[in-house]
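Following this message is one structure expressed as structure tokens.
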Amino acid sequence: MDAIRGTAKAELTAPVEAFLADLHARVSKVTGGSPADYIPELGKVDPSLFGIAIATVDGQIYEVGDTDVPFTIQSVSKPFMYGHALQRHGRPTVLKHVGVEPTGEAFNSIVLDEVANRPFNPMVNAGAIAVAEMMPGDTQEQRIGNMLDLFSSLAGRRLGIDEAVFRSELETGHRNRAIAYMMLNTAMIERDPNEVLDLYFRQCSVNVSCCDLAIMAATLANDGTNPLTGKAVFDAQYVRDMLTVMNSCGMYDYAGEWAYEVGMPAKSGVSGCIIAVMPGQIGICVYSPPIDTQGNSVRGIRVCQEISSEFELHAF
Amino acid sequence: MDAIRGTAKAELTAPVEAFLADLHARVSKVTGGSPADYIPELGKVDPSLFGIAIATVDGQIYEVGDTDVPFTIQSVSKPFMYGHALQRHGRPTVLKHVGVEPTGEAFNSIVLDEVANRPFNPMVNAGAIAVAEMMPGDTQEQRIGNMLDLFSSLAGRRLGIDEAVFRSELETGHRNRAIAYMMLNTAMIERDPNEVLDLYFRQCSVNVSCCDLAIMAATLANDGTNPLTGKAVFDAQYVRDMLTVMNSCGMYDYAGEWAYEVGMPAKSGVSGCIIAVMPGQIGICVYSPPIDTQGNSVRGIRVCQEISSEFELHAF
Amino acid sequence: MDAIRGTAKAELTAPVEAFLADLHARVSKVTGGSPADYIPELGKVDPSLFGIAIATVDGQIYEVGDTDVPFTIQSVSKPFMYGHALQRHGRPTVLKHVGVEPTGEAFNSIVLDEVANRPFNPMVNAGAIAVAEMMPGDTQEQRIGNMLDLFSSLAGRRLGIDEAVFRSELETGHRNRAIAYMMLNTAMIERDPNEVLDLYFRQCSVNVSCCDLAIMAATLANDGTNPLTGKAVFDAQYVRDMLTVMNSCGMYDYAGEWAYEVGMPAKSGVSGCIIAVMPGQIGICVYSPPIDTQGNSVRGIRVCQEISSEFELHAF
Amino acid sequence: MDAIRGTAKAELTAPVEAFLADLHARVSKVTGGSPADYIPELGKVDPSLFGIAIATVDGQIYEVGDTDVPFTIQSVSKPFMYGHALQRHGRPTVLKHVGVEPTGEAFNSIVLDEVANRPFNPMVNAGAIAVAEMMPGDTQEQRIGNMLDLFSSLAGRRLGIDEAVFRSELETGHRNRAIAYMMLNTAMIERDPNEVLDLYFRQCSVNVSCCDLAIMAATLANDGTNPLTGKAVFDAQYVRDMLTVMNSCGMYDYAGEWAYEVGMPAKSGVSGCIIAVMPGQIGICVYSPPIDTQGNSVRGIRVCQEISSEFELHAF
């Protein structure tokens, strides 16, 4: 991938796009997994949708397949909300409410760190809910507005919420409600859980495209500055923290094998999207709804393995 | 204790009352523990209150100390609500929603039986909440009425709710709310958790006296028929099930040692009450607010040990 | 069952034996389960063997089927070794090494009570190994002799060890070896684990018959005195402790349901035997090798349910 | 640190050594922690020993303090034994016996991955014991010889075993013995646990100096080739796997915070040593016996934080 940066774009575009087109064609044959259906709305998606997008830190975008189809961002929202909390409140405050340790527990575990009584990390639901409470704003309307501003500045365009998915999450999210009350019980969150969850479910329901997420990932690769708009969203020091927890906790129970096989900081969402970041170079997004039992897009993992191998992007 | 039944009452009353008076005097010197304060209202109690009451299956009552002071029944309500659910719905239906296995988990654990996905037993909070949902009634008002009818028929007098404690529980019971949403998530309960918890918190807030609870315990000793009023509240087969779970799970984490030291089916509540049942013979209640770290009344345990030893009431 | 004691033997024998013969015939049709095969030697047994024996506290024995076939006592040895430790060392010493709390953990769990760092109870393997270490004797030979003396005095005849099963246990008992080293690590045992396990595996390999175990159970029903020989093996106070832990922990993970359905202190072994005790009245043994996934004899449970129901032996 | 490689050595040596000297002086004032004493021999060390060594991929060594004092390598042996197993047996075989997932469990946990029944990763004791079994050799003598050859080739000089520490580990390592028998029970290891543990305790007892470990770390930074001797010890692909598990699991329960604060693949040992690797650039070793409650050298962590910060070595 060093080639991408060291070569004139005209020369480069063709071979990268050819590689992506070939990769897309090959991985299109990969079957297995099925779209998430724990929320009725998510189950209605066309499972054959499949897009790959790569955004470079100098604003170049390479894409193939269904890269403009909207889908909900789901858990890929977590690292960005975490970065925003760090940016607004600083590390010490955020660390009081959520740790940075990987956990063997499932992503939707209700178990908290027994010593510090806080969620293990911001990538599990409990941690993400604690982070959602930190979104500034005097009213719920303001907090929703601030959240949408964040994701819009990351995508470089105005984003909105998929109301049907949001309502579906709201109606069925009993486990998250249990987690929120458990944290209220230990004073890990302090506001009304219903209000905090309202924001959390909305953040998960933000509509994005594969290209949007590639640009968001490239913003992290670019030390926090959106390479398309030039807007500085996060300070570099907080980008490092975001990449660190993505690296250790971004792929649910597959984190260890992902580090072994792919070796890039990443985050996946149950809508079938995965983002991966090669710091200083590129942001990647793959979108393909069928997910495996661990909640990761089946084709998404395959694509990231091949890109990592082809361009030698493994961290070590 | 066989003596109680085999002898004319006139002869008997004196020695039993003398024993109780002496026991009360001796155990009054026992200190340690402190009143529960997780609910602000409970912490306001006079810690020196101390009553002992024994009710026989033929309706005799022996009492000493503060046996008429009202306090909230708390977890001592659990076996009776369980009996009522068995009586109304039968064993198979009730067993679908709550098991009969002891658990090493704490009474307020959110962990469910992984195989059956149901609470381990009706004495842990999760199980008691599942049982509360089974109270019949078309409206919440009717269910509250039916619950109060149950406890009133067990006490042989009209009982009411301590509104201050109820509101206190309602405002602070976040952990129980978490448990309820977790069970809603796994379809172990089906109604709105707020409604189910409203009933559960009310059942815990029923005002009783030490004498009331001795009569309730004696109703179980008497195969389900209130020895004072003659009213049949539970069928004998369900009394057996109630006593069985009280025997294995009634004293929180102290269940094993209780079985070793006292050996009677029992149930304790954080307000500082303990009931114990000698089937076919007597029901006992001790009330003394200071509780130990396991949630059991310190003097209550001592009194039950001494009564068990004196009258050889141990099951084996 | 009161009838047994209150009636002349001549009158009684016929109906009880008729009941047992009928019960044996009916339960012979029950299939399911299979003989334990974790030790190769145990898997070689004839699965159709099926015996039932009842011994009364006045020395009467009722039996039907294969009641004289030898099999290894396995975990049914545990309560007797525990009683012997209590008898020799007293409660306080024994309680330092093994608790009396039921556990949700499996019988072969390596998990110890985190607070006291001791096994939860003497019916799980860890607890039984800790108890085995307490067998008095200056040499291993003496300890083995004392152990055999104990079981022989309980059976009322000289018992020996099944050498093939013993060697099979010794060769395959890696998990128990792991448990023993874990306890050595926390100083819960102090002697060489290999020596302690040698005794433990021998105690599990003692050859008994269904009649032997019924007499052993009747010894507990008879307050510790063998009803056949009149020899006092345990003090009544320790029999009570033995029955208490059998009651709460004797049937592995089935303990809760057993208490619900049968309601007698009991212990089962993987060779397919179950003993149950009706204090003051009878000891029961059923032997049928096929066991269920919880390690309890399938026909054994059925027989005990029917006897408990027929003679109303449930504790409550 | 880029400066180190881009500049003539003469110019560079002075500033790096000045930095290290200053760092050593500052961190010498850091107190806290105490030497490990679970093995009596380890507790006898001089707690004031303190050395820092950095080895570059082109064979330069910078050192300050007690860098030639011998100490036992302890758990820092684990990644190298893992790399050797990968090199000899290939990934698929090794993955059958030990996973690559981080775990919330303690390093000496006896808990195995429930699905695959294997240790979670090669940095916990269970995993390291499984890896030790894979050392080739027809006899135990040959396996010990091969193990010593491995560490000698990594250090670039002949290494030996501290016999007193070895015997001390052998005598007190009951918990590791428990772990080994548990794995024998599930067929995760197949040879006699005593033999496997003999090798494991010897590998932990290899005598090394701070400089030796810096060179070993630099061998990983140099894609598996010892920068001093030029000997290729590991293929680059296996070095990547070694660095990946060091990155996620190398610092016991501190792994998450280490990734946050330092951000380099690392491994610590209870003798008070920590190695860290900056791929393509340097290997670092710090030695200071006092360790914190998580088992990591107190000064070692501080030194690595400062080096990471000063030279911007964080992975992200």
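Order of writing sets the chain letters: A, B, C and D. Residues in each chain are counted from 1.
Keep this in mind: a residue touches a chain if its C-beta (ideal position, glycine included) is under 8 Å from a C-beta of that chain, and two chains touch if they have at least 3 such contacts.
None of these values were measured; they are calculated from a predicted model.
The set of chains in contact with chain A as well as chain D is empty. Greatest centre-to-centre distance from chain C is found for A, with centres as Cα means. Averaged C-alpha coordinates give centres for chain C and chain D that are 49 Å from one another. Between chain B and chain C, the centres computed from C-alpha atoms are 33 Å apart.
Chain centres here are Cα averages; for chain B and chain D they lie 57 Å apart. Of all residues in chain C, none touches two or more other chains.
Chains that are in contact with each other form these pairs: A-B, A-D, B-C, C-D. Considering their complex, residues 110, 174-175, 177-182, 184-185 of chain A touch chain B. By the touch rule above, chain D contacts chain A in their complex via residues 99-105, 120-121, 239-241, 243-245, 247-248, 253, 255-257, 259-260, 263, 265, 279, 314-316.
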